[in-house]
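Report on one structure; see the data block that follows.
As written, the chain order gives the labels A, B and C, with residue 1 at the start of each chain.
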Amino acid sequence: MELKVKVVDRQRGLAEELYLPAILVGLRLTVHHFVRNIFGKRDVVTISYPEEHRRVSPRYRGRHRLTVREDGFIKCVACYMCEEICPAHCIHIEAGEVEDKSVEKYPVVFDIDELRCVFCGLCVEACPKDAIRMDTGIIAMAYSERDRFDFTRDLLKDPYHENEKTKFHSVPLPLSEEEALPNSIARVGGAH
Amino acid sequence: METTSASPRHLKPLDFGAEPMVVELGPQHPAMHGITRFQCRLDGEVVEEMVPDIGYLHRGFEKEAEATNYIKIIPYTDRLNYVSPLINNVGYVMAVEKLFGVEAPRRAQYARVIMSEISRVTDHLTCNGASAMEVGAMTVFLWFIKAREYLWELVEEVTGARLTTNWTRIGGNANDLPYGFLSMLEERLKKVEEAVNEGEVLILRNKIFIDRLKDVGILSRERALSYGFTGPMIRATGVPYDLRRADPYLVYDELDFEIPVGTVGDCFDRFLVRQEEIRQSIRIIRQAVDKLPPGDYHCRDRRVWMPEKYEVFNSIEGLIDHFKIVMEGPKPPPGEAYMGVEGGNGELGFYVVSDGSGHPVKCRVRPPCFNFVSAVPEMTIGHYVADIVPIFGSINMIGGELER
Amino acid sequence: MTLLFDILTNPAVQAILKILVIVLGFVMIVGTVLTLMERKWSSAVQDRIGPNRANLGRFRGRGTVHLAADAIKSIFKEDTIPAHADRLIFTIAPFFSLFAAMVVWAIIPVAAPIGSFTFQITDVNIGFLLVFAVTSLGVYGAVLAGWSSNNKFAILGATRSTAQMLSYEIFLGLSLVGVFMVNGSVTVSTVVANQGQYWFGDLIPKWGVITQPLAFLMFFTAMLAEMKRLPFDAPEGESEIIAGYFLEYSGMRWSAFMLAEYIAIVGASALTVTLFFGGYHVPWLHADGFELFGWLLPLPTFIVATLQILSFIVKVLFFCWLVILIRWTVPRFRFDQIMELGWKKMLPLALANLLITAVWLLAIDHWHL
């Protein structure tokens, strides 16, 4: 494509010199907004947060969770991939073994320091077992003690809708199969 | 350029036996977006001398990048220009792609264009809104922020976050544009256009606003070129330099748009150029949506792209490739690559040097607003204190990008 | 009983009662409510929700609880005085502004006099001149506050407010000279009573805005400047000199500045109404009822007085609303542009207005128009 240039119009004439026309036109617009928002249909983008919730995108990267197998055991095999790729070094894993031979390795400790986490979502991409996800839809964590941001394995593992801490948050479900993430909960073969 | 009566440059200071006053503007000051400091010596209200002091937001991006692998740098780039994070993502990733010699599929390229232009609109809305707010038009700012909000919700739909997008990957995008996105985009663009028009009604014909911006902070074309200005700042002086046309990347040479240029190079020209660019960006988005081809949103090159999840779950080769990319990072051949993209402020360049290992030897960012900030004293000296605000607002300094 | 009647008819007692009713019962309340309304109305203009969080238990009252919350907060907030500040002047400066803002009400009539009883605190014969003499003191609040704060931004704000005062005061006075010429008096009661006359028989009320439209525009502009509101808030200039002259204030003294600003809005609106919008007059309402084209609706005196008070309140509130909406519509002048506007544009305009008025009045006088 050829280069097209458009010179912006900065010419102003007598109407602008008089101040008043522009101010009156502007005042008409602000009064229009005023009347519409006070008496008519309110058109605001502000959300009264704790009472109202915005629709959260199905792709939204919220708090992490550790998915579980059908028998309820944690899916994670403690391969350290997420710890490896985390740019914020917020994941800490210690591996251990169990008697059950179908589980080779499992995380004895799986801590995520949510205060250090930058919510980039690379851990989800790096997981070879679909064991960690960020689709809880929990958009804000607010606690008064610093320790409570250290999410341990069991806090992360619990199915979030049964978790005391998070049960008030509704999970954003994708509207359709097409909209779902590859590892989303609405997908056939997902964890739930 | 004749000196107008609004400019006190030609006035000789009267001798009252008074001393000049030294005022520290910043680091904490309402007009300093981000954190920066200007030490000003004032003669009455006229700025006699000014020393910019930057570095309050220095986070060591470049040094950090040398210690991590190529994938893990992508989230850091979000935090460079934090009002247009997607352009940073695209710029960095394209530099690395150049190093590898891979190219994203066309669908991914179109998606990148769409998201870059959305980011450009949010960038310009923020900058112009803040400029208007700082000369007192608070309502315009909030209307523009409302428009930006519509777009950031879209960004969230695509990337999963409003600001820390982390959306592009080497050789493609993290995910495709979601189902239903394009119709939502058109609806939002209409709302944005409406908000932009309404905001313009309040100020563009208002003499008070025009007087505050016109003939303030003029930098001639020659001086601007010698400072290395790019982006809206150089276009406001009348140079139609736009990387999307000067050195087309992605699919910009298939899209039709105009480059708005100013004539004088003052704050008013910059404001108008940015407003026009919002319109042009919306035009580009519409064209790109029409031309969006079907296909993959990422390449199939195993050197850079993690294998599909089903391969990882079901085959040992997939698992090994996956582990290698995660643990060692993609390893580009030794060499260097520079990729400049047209960021919200101007030429945002990434210069990446590889020695063949998993992390770059050097990852240098060319921030467009570094040049602008170095020219602030020249633009400001001789003007009033009150003019610092529109001048500084018009250069749109973003601390994260400037100080890295 | 007669004693009580004697006390109530005593002019001094009456004046004190009027002060209590008008200032405490109207001005203070409206001024306080405006602090909240500014935020609510601006939110409506800007497509936001505005303050709505303060609550008493479950009661939120769409943000009205914020009035109490703000008051309690500023009472209990630490009242800091910066080091090396002039403590005495720093302490009294806010009350200059507050005082100047309130004095306007000394002469504003809120309804037509009934017999010897006037709905006006005092009707001094120098009238408006007194008001403009005293309200100009308001700038001392800003100057002293800025000077005593020992802060560079505050002193810049103080000098700006002086420069601004110098530029608007002249055309403010000159714009009113036309009004006084039309009315032949500077006494408030005369100016208001004259606006009860009509043109073309009974058709068009002879309000100041119709006889002196240019003067109205200039006066309103000057009032915006005196209130230091946008587009004339260079002394506060929040983006470059942060808050200007009251930068160092906190707690109750800061609230005094804020309250003074809103009381000044009410006062300026009342002055505008009194001078240009017929004061308490309702169109076609005479002392004995409505009258239009010879058609008469008789009304008792107390209903007429109530209607007049209501019309005055409605007009004042309308102008308060307008002032607030203008603030959220226009950007801010630079202080040298204010001076340019005042001296190079408004002053010649005011003189021209004066000349036209004089010629017009002479013509009327000469040809008995």
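In this text, contacts are C-beta pairs under 8 Å (C-beta built on N, C-alpha and C of every residue); 3 or more make two chains touch, one makes a residue touch a chain.
Because the structure is predicted, anything quoted here is derived from the model rather than measured.
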From subunit A, the most remote chain by mean C-alpha position: C
Chain nearest the overall C-alpha centroid of the shown protein atoms: B
Interchain centroid distance [CA atoms averaged], subunit B/subunit C, Å: 46
Interchain centroid distance [CA atoms averaged], subunit A/subunit C, Å: 51
Chain centre separation (subunit A, subunit B; CA means) in Å: 24
Interface hub residues of subunit B, defined as touching at least two other chains: 139, 146, 202-203, 206, 208
Numbers and ranges of subunit A residues touching at least 2 other chains: 23, 26, 29-30, 45
Sequence positions of subunit C contacting 2 or more other chains: 45-48, 328-330
Complex interface listing, subunit B residues touching subunit C: 5-6, 8, 21, 23, 25, 29-31, 45, 132-139, 142-143, 146, 202-203, 206, 208-209, 211-212, 384-389
Complex contacts: residues of subunit A adjacent to subunit B: 1, 3-10, 12, 15-19, 21-23, 25-26, 29-30, 45, 54, 56-61, 79, 81, 84-85, 87, 118-122, 125-126, 128-130, 134, 175-176, 178-179, 181-183
Of all residues in subunit B, those that touch subunit A in their complex: 68, 71-76, 139, 146, 149-150, 153, 156-161, 164, 166, 174-175, 178-180, 198, 201-203, 205-208, 210, 214, 240, 245, 253-264, 268-269, 272-273, 275-276, 306, 309, 312-313, 319, 322-323, 326-327
Subunit C to subunit B touching residues, read off their complex: 42, 45-48, 152-153, 156, 159-160, 230-231, 233-234, 237-242, 328-337, 340
Footprint of subunit A on subunit C - complex, ascending: 41, 43-49, 52, 217, 325-326, 328-330
